[in-house]
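Below, chain A partners chain B and then partners chain C, in two separate complexes.
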Partner chain A sequence: MNYSIIRYILGWVLLFESGFMAMPCVVGAIYQEKSGFSFLITALACLVVGFLLTRWKPKNMVYFAREGFVIVALSWIVMSAFGAVPFVLTGEIPNFVDAMFETISGFTTTGASILTDVEALSHASLFWRSFTHWIGGMGVLVFLLAVLPLTGGYNMHLMKAESPGPSVGKLVPKVRDTAKILYIIYFVMTIIEIIFLLFAKMPLFDALTTSFGTAGTGGFGIKNSSIGDYSVAIQVIVTVFMILFGVNFNAYYILLLGKNKKNVFKMEEVRWYLGIILVCILIIAFNIKSIFGSFGVAFQQSSFQVASIITTTGFSTADFDVWPQLSRTILVVIMFIGACAGSTGGGIKVSRVIILLKTVKQEMGYFIHPRSVKVIKMDDKAIEKDTVRSVSAFMVTYVIIFGFSMFILAFDNLDMVTNFTSIAATLNNIGPGLELVGPTGNFSVFSPLAKCVLIFDMLAGRLELYPLLLLFTPSVWKKN
Partner chain B sequence: MNYSIIRYILGWVLLFESGFMAMPCVVGAIYQEKSGFSFLITALACLVVGFLLTRWKPKNMVYFAREGFVIVALSWIVMSAFGAVPFVLTGEIPNFVDAMFETISGFTTTGASILTDVEALSHASLFWRSFTHWIGGMGVLVFLLAVLPLTGGYNMHLMKAESPGPSVGKLVPKVRDTAKILYIIYFVMTIIEIIFLLFAKMPLFDALTTSFGTAGTGGFGIKNSSIGDYSVAIQVIVTVFMILFGVNFNAYYILLLGKNKKNVFKMEEVRWYLGIILVCILIIAFNIKSIFGSFGVAFQQSSFQVASIITTTGFSTADFDVWPQLSRTILVVIMFIGACAGSTGGGIKVSRVIILLKTVKQEMGYFIHPRSVKVIKMDDKAIEKDTVRSVSAFMVTYVIIFGFSMFILAFDNLDMVTNFTSIAATLNNIGPGLELVGPTGNFSVFSPLAKCVLIFDMLAGRLELYPLLLLFTPSVWKKN
Partner chain C sequence: MKIIIVGCGKVGMTITEQLSNEGHDLAVIDLNNGVIHDATNNFDVMGVVGNGASYNVQMEAGIEEADVLIAVTASDELNLLCCLIAKKAGNCNTIARVRNPMYNKEINFIKEELGLSMIINPEYAAATEISRILRFPTAIKIDTFAKGKVELLEFIIAEGSLLHNCSLIDVAKQLKTDVLVCAVERNEEVIIPNGSFVLHQGDVISIVAPPRNSRMFFKKIGVDTHQVKNAMIVGGGTIAYYLAASLLNMGIDVKIVEKNQERCEQLSELLPKAVIIHGDATNEDVLMEEGITHCEAFVSLTGIDEGNIFLSLFARNQSKAKIVTKINRISFDDIINTFNLGSLIYPKYITAEYIVRYVRAMQNSIGSNVETLYRIIDNKVEALEFVIRENNGIVGIPLEKLNLKNNLLIACINRRGSIIAPNGQTEIKVGDTVIIVTTQKGLQDIKDILKE
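Up next is the complex of A and B:
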């Protein structure tokens, strides 16, 4: 284990966080809020600690998968711990576990809140809350890779550990260039959404925070009613952008810079993703028609909610917890499917679901013709055996973490649907669940122990399980 | 596809069923019940159809995995269809879908009932209901293999398709001898339980039916209170035998005939199985202590319920649906774990859970040392790669069937816990779930469509998913 490189990169993460935190300071200054100082103090603290940690460059800049995973897991924990401090300092979230929950919910783009009244927060805090979504959406280490000339390390390991999906590919030969391209697409798309929202007469502050929440597929709203009180035009814009940010970013790269732009339409994952969305929207729209009077309104509400849940954003415009069981069940099922790999969305990911379905088909083939050799293909290319094995193992790990979380949450003696959907909502980085954690509820109902489990689930979900689990594996920490 | 052999073996299955059905006829005669005639008529019908189907021996007795799975799946469906007829004829379950549900619940050893008042049934029907558990527990085709000199076929395929567990081994070189040994152990253990229950002053009829339900890990009771109104001694005997019938039968073989009897204590699956039972009993006993006043009573109730659920029997002595959330959640989690492979119990099976846990450990190993080669071992022997792959695929198929069932059940607009636990209770062949299908409820609340899905789940669970899914795969039905 190369401890120096871990220390060094953690330092850089803090330096970047200090820079990010300058923004809520500015917001605080604009709105002349005292809370701005809390952000200023924390930003300075990040700067000092970051400076000290990066002061000595490691002699050995080489690191491997092991270090990569540890760096990513620790970065997210350290970043969240510092990110939570301003909430405590301002007194807006006095309890540190709660502040950690809220911050990790932000960075992991979950959007689950322990706050009962978000409108009571200062503008600086609201801005920071939403901005953590934007940072966490594409990933802070991907940002670091894009900006910082890290040499000697197997930077792909960092990227792999932080980027969602069963197999992370490089768009271009250099990791750094790939990271840059991703961030540029991400940045430009966010700007476009902001402009659209401004045209729809949303105030600038609301347009910024809502766009951060959409881009990162986060879901923190700045109103208690989430997006419910905004105009239909705004809701439609948010719906469209939620779906767009849930698409595999490779698709945008192909569209913008690819040689063969037609390949976009051949991307199996994107086609499945859009297909699932369409089918779910239609079923739910018919199912809730009677609630909203007309099919048009039902369709609009259904599409917002389906987009919000499958992309794991978690914004809401209606209390879907009171919808019929069919709609609720569909929403719970798509909570697990999630968005495309290589997007900012969470969940199991559409590509994994496709691979899993193909694994089952392959397995049934073995029963019919035991001696035949079968290859699982995606986009007409054979998937490596290791990837297939790893997707199945992911699924198993996922179920085990889920079961274990159910067990710990049961100690709180809340109802089973609340427990089940709050794990689904955190492990898939969505935000709201059903019953007590439904769109009108929040996560303040849980005990500190349960909150810690849900914090673990949020991080595990965002970092795709293993980096976090590896932290608890003694052999990882052995010296080389 | 060798259609002749399918026809031929299905015929034999019906002949056997005709023989099995002679027993409720006798019971009907003893109690002088009219319902006995319904069984007689059906038994004769089985005899005639079975005779016609077995009249012409197929020219080609060779069959492969494909035919094996189809034979097993069809046998269970045909057997259930004929088995349901008496219930309709007696008028005790007039609706055929309901009668099918009840019979399949019997044969698959689920024990889920659509009846609101089982005590209203005739003795002949009660006997048949419980006897289907006994037949289904070890499997009708295993019975057929033990009795019938089938030559030329790859009989192992039949055994593999009907016996539970990730890898079915032969105890002795010949399949027929293995089947015989299994049935002898099964028969003798059932007799021992009957004797114990008679000593505990249970009436003979009750002792027979209860023992059938325990041996097959079925769970149909002959009282509305299941086992609740019997003495503590009887409850303890049933608890012990439920646990015994959930043990891998290989263990008994080793104990009785094995050269090295110490190997029993090395069987990883059995150790895990007993360990999980012990831990769950203790946690639940502490959790429900306040309900029952003393730890002793709580321990007895907890052990009965844990044994009943993990072995997927489904008897009940208390309404565990009103227990605290922690106890309810543990019971739901062990619903999925199930009993040992090679026992009469259902669920995912302890050995699969162990292999899955080891798969996760292996996967984490790959993250730490990407190039290392790792082998998953059980009982100090390396598990074949195909078995590991197949266990993961099983898990995935399981989750997909579960999700699909949730979707269809949602149309009934019942609550989510009822839906979730009724699928868990049928797919794992347990019986009772929570809420509307809890120990005091029953499955009559569902629509015919939902009942059909649950019927599918019961069969899929008992036959370990694939034989049933293969029936819906067109390529299976192609001529060679």
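Up next is the complex of A and C:
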């Protein structure tokens, strides 16, 4: 274990965080709010600690997969811990566990809140809450890789640990260039959404925070009604962008720079993703037609909700908790499916679902033709056995974590649907669930212990389970 | 530059390591996804699993924008096919490894007609390297700069040598020859010395000088510089064949010990002048009988690295011969060095170095100005030759006024064919070629020698 490289990179993460935190300071200054000072103090604290940690460059810059995983897991925890401080300092969320919950919910792009009245927050805090989504969406270490001149092939370990999906590939030969391209696409798409929202007459502050929430597929609203009170045009724009940010970013790279642009339409994952969205929207639209009167409105509401849930954003325009059971069930199912690998969304990921389904099909084939040999393919390429194995293992780990969380949440003696959907909503980084944690409710009903479990679930979900679990494995911490 | 490497074996991996450290955009192609995993985990490169001769696979690796394709798979024919396809698909430079001696005689025809930029034969390259060493047995390694006008020699200061406990200023005063000591390795540490540095016995030193001066230098310190008169080669593989042929050409008697009867007969047919011994060289008696105690050079070239190491250790004990040991696979460089096995030959490094040198020279025409590059002292030190093409921040300033990086030495200046040993007042002029010795890796331009 190379401890000094962990210290060094953590230091850089804090330096970046202090830079990020300068933004809410500016917002605080513009709106002349006292809360701006809380952010300033924390930003300075990050700066000092970060500076001390990066002061001495490690002699040995070589590190391996396990350091990569540990660095990523620790970075997210440290980043969240510092990110939570301003909420406590301003007194808006006095309890540190609550503040931690809110911040981690932000960074992991979950969007689950313990606040009962969001509108009571200062502008600086609202901005920071949404901005954490944007940082967490693409990942802070990917940002670090794009900006810092760390050399060597080891950086792929960081990228692999932070990027979602069963197998992480590079767009171009160098990690740094890949990270840059991803961030440029991310940045430009965010700007485009902001412009669209401004055209739809959304106020600038709202447009910024909503775009951050959409880009990172986070879901913190700045209104108690989330996106519900905005015009239909705004809702449609947000719907479209939510779906766009849930698409594998490789698709955009191929569209923009690739030689063979037609390949985009051959990407099996994107086709499945769009197919699932379309089918779910239609079923739910028919199902809720009677509530909204016309099919048009029902379609618009259904599309917003499906997009919001499958991309694991978690914005809401209507209280889907009161929708018919069929619609509620579909929404819960797509919570698990999640967005595409290589997007900013969470969940199990469409590509994993495809691989799992194909494994099941292959397994059935073995019963019929016991001697048959069949290779699982995706995008016309054979999937390595290792990938299939790791996807299956992922699924098992996922179920175990889910079951364990259910067990601890049961101590709170809330109803089963609340417990089940709140874990689904946090482990898949969505935000709202059903019943008590539905679009109109929030997570303040839980005990501190249950909140800690949910915090763990959010981090585990965003980092794809293993980095976080590795922290609890003693042999990782041994010197060699 | 954008470079595609097909085949990720020993040589492929070595090239990948060096080129990726130099900051090129690399894509590696191999059929085995295990080695691709290794490559992408250890280096900042893109991996493609597939057959490198396939058009689609090459397209996926980005052949259209590639500047060079290097084919180093195990098969000669596949390498040539890769290059042909790459030439058509991407119109890039192509380098192939072709090692079959059958093709070696037709190498120029193949190269010209198939439009390859470079063909490398690792065995031939290794043999050339060994024969160069045997011509000048005092040195461990010899490289040449400025088209042979300057030599870079690496050798060990023997016990009881004049140089022991002698500072570099004294060396210059006493010997009165223009020889520059540019790097010293002591206890696995590499030092770029200054004038007050004191040499010890056992140091591995590298010197830069024109050939005439280096001969003088060795004469003055009392070291014999004559080429060997006879050589014993153990193992009759392809390198042995090339080496024997080249040594016989130079008038050196060659004795090859090979344990396979059939191969012995082949060799005797190919090399009528050589003495071919059929016997197992791991048997002490065979070697003693063939006069290992009296041979002047001993080269172990069997296919087994461990065997080679033992043979060389044995030869060191039994004779005063110049010893050359071939190592194919083993990577414990530091340990092997402590055995004092004489000159070590790593065919994979030699091949890789030839290719990297070519790539560097290519880059030359695009941006970097490195003419030649050598790695000395276990790749810890680089010696680079730069051409000064234009008037930049370095030209016309006395060297003592330049703010050079640490551990960096301007070893030699070649001005229109005459070799200048620089001192503080020397100025670099446009048109010069300058030789730099440094532990700082990855210099791209002469301007990189200055502190930032």
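Methods note: the second predicted complex is superposed on the first by the 478 of 480 C-alpha atoms of A that agree within 3 Å, B and C clash if a C-alpha of one lies under 4 Å from a C-alpha of the other, contacts with A are read in each partner's own complex, and residues count from 1 in each chain.
Everything that follows uses one rule, which is that contacts are C-beta pairs under 8 Å (C-beta built on N, C-alpha and C of every residue); 3 or more make two chains touch, one makes a residue touch a chain.
None of these values were measured; they are calculated from a predicted model.
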item	value
Room on chain A for both chain B and chain C (clash or fit)	fit
Partner chain in contact with A:F407 - chain B first, chain C second, else both or neither	first
First, second, both or neither for A:E384, with chain B first and chain C second	second
First (chain B), second (chain C), both or neither touched by A:L74	neither
More chain A residues in contact - chain B or chain C	B
Which of chain B and chain C A:R328 touches, first, second, both or neither	first
Which superposed partner A:M156 touches (first chain B, second chain C, both, neither)	second
First (chain B), second (chain C), both or neither touched by A:A65	both
First, second, both or neither for A:S475, with chain B first and chain C second	first
Partner chain in contact with A:P173 - chain B first, chain C second, else both or neither	second
Partner chain(s) touched by A:C452 [first = chain B, second = chain C, both, neither]	neither
Smallest distance from any CA atom of chain C to any CA atom of chain B, in Å, after fitting	9
Residues of chain A that lie at the interface with chain B and also at the interface with chain C	65
Contacting residues of chain A [partner chain C, same complex]	65, 151-157, 170, 172-177, 259, 384
Residue numbers on chain B that touch chain A, as the complex places them	64-66, 69, 324-326, 328-330, 332-333, 336, 356-357, 359-360, 362-364, 366-370, 389-390, 392-397, 399-400, 403, 406-407, 409-417, 419-420, 434, 466, 469-470, 473, 475-476
Residues of chain C that touch chain A when the two form their complex	2, 20-21, 25-27, 33, 40-46, 59, 64
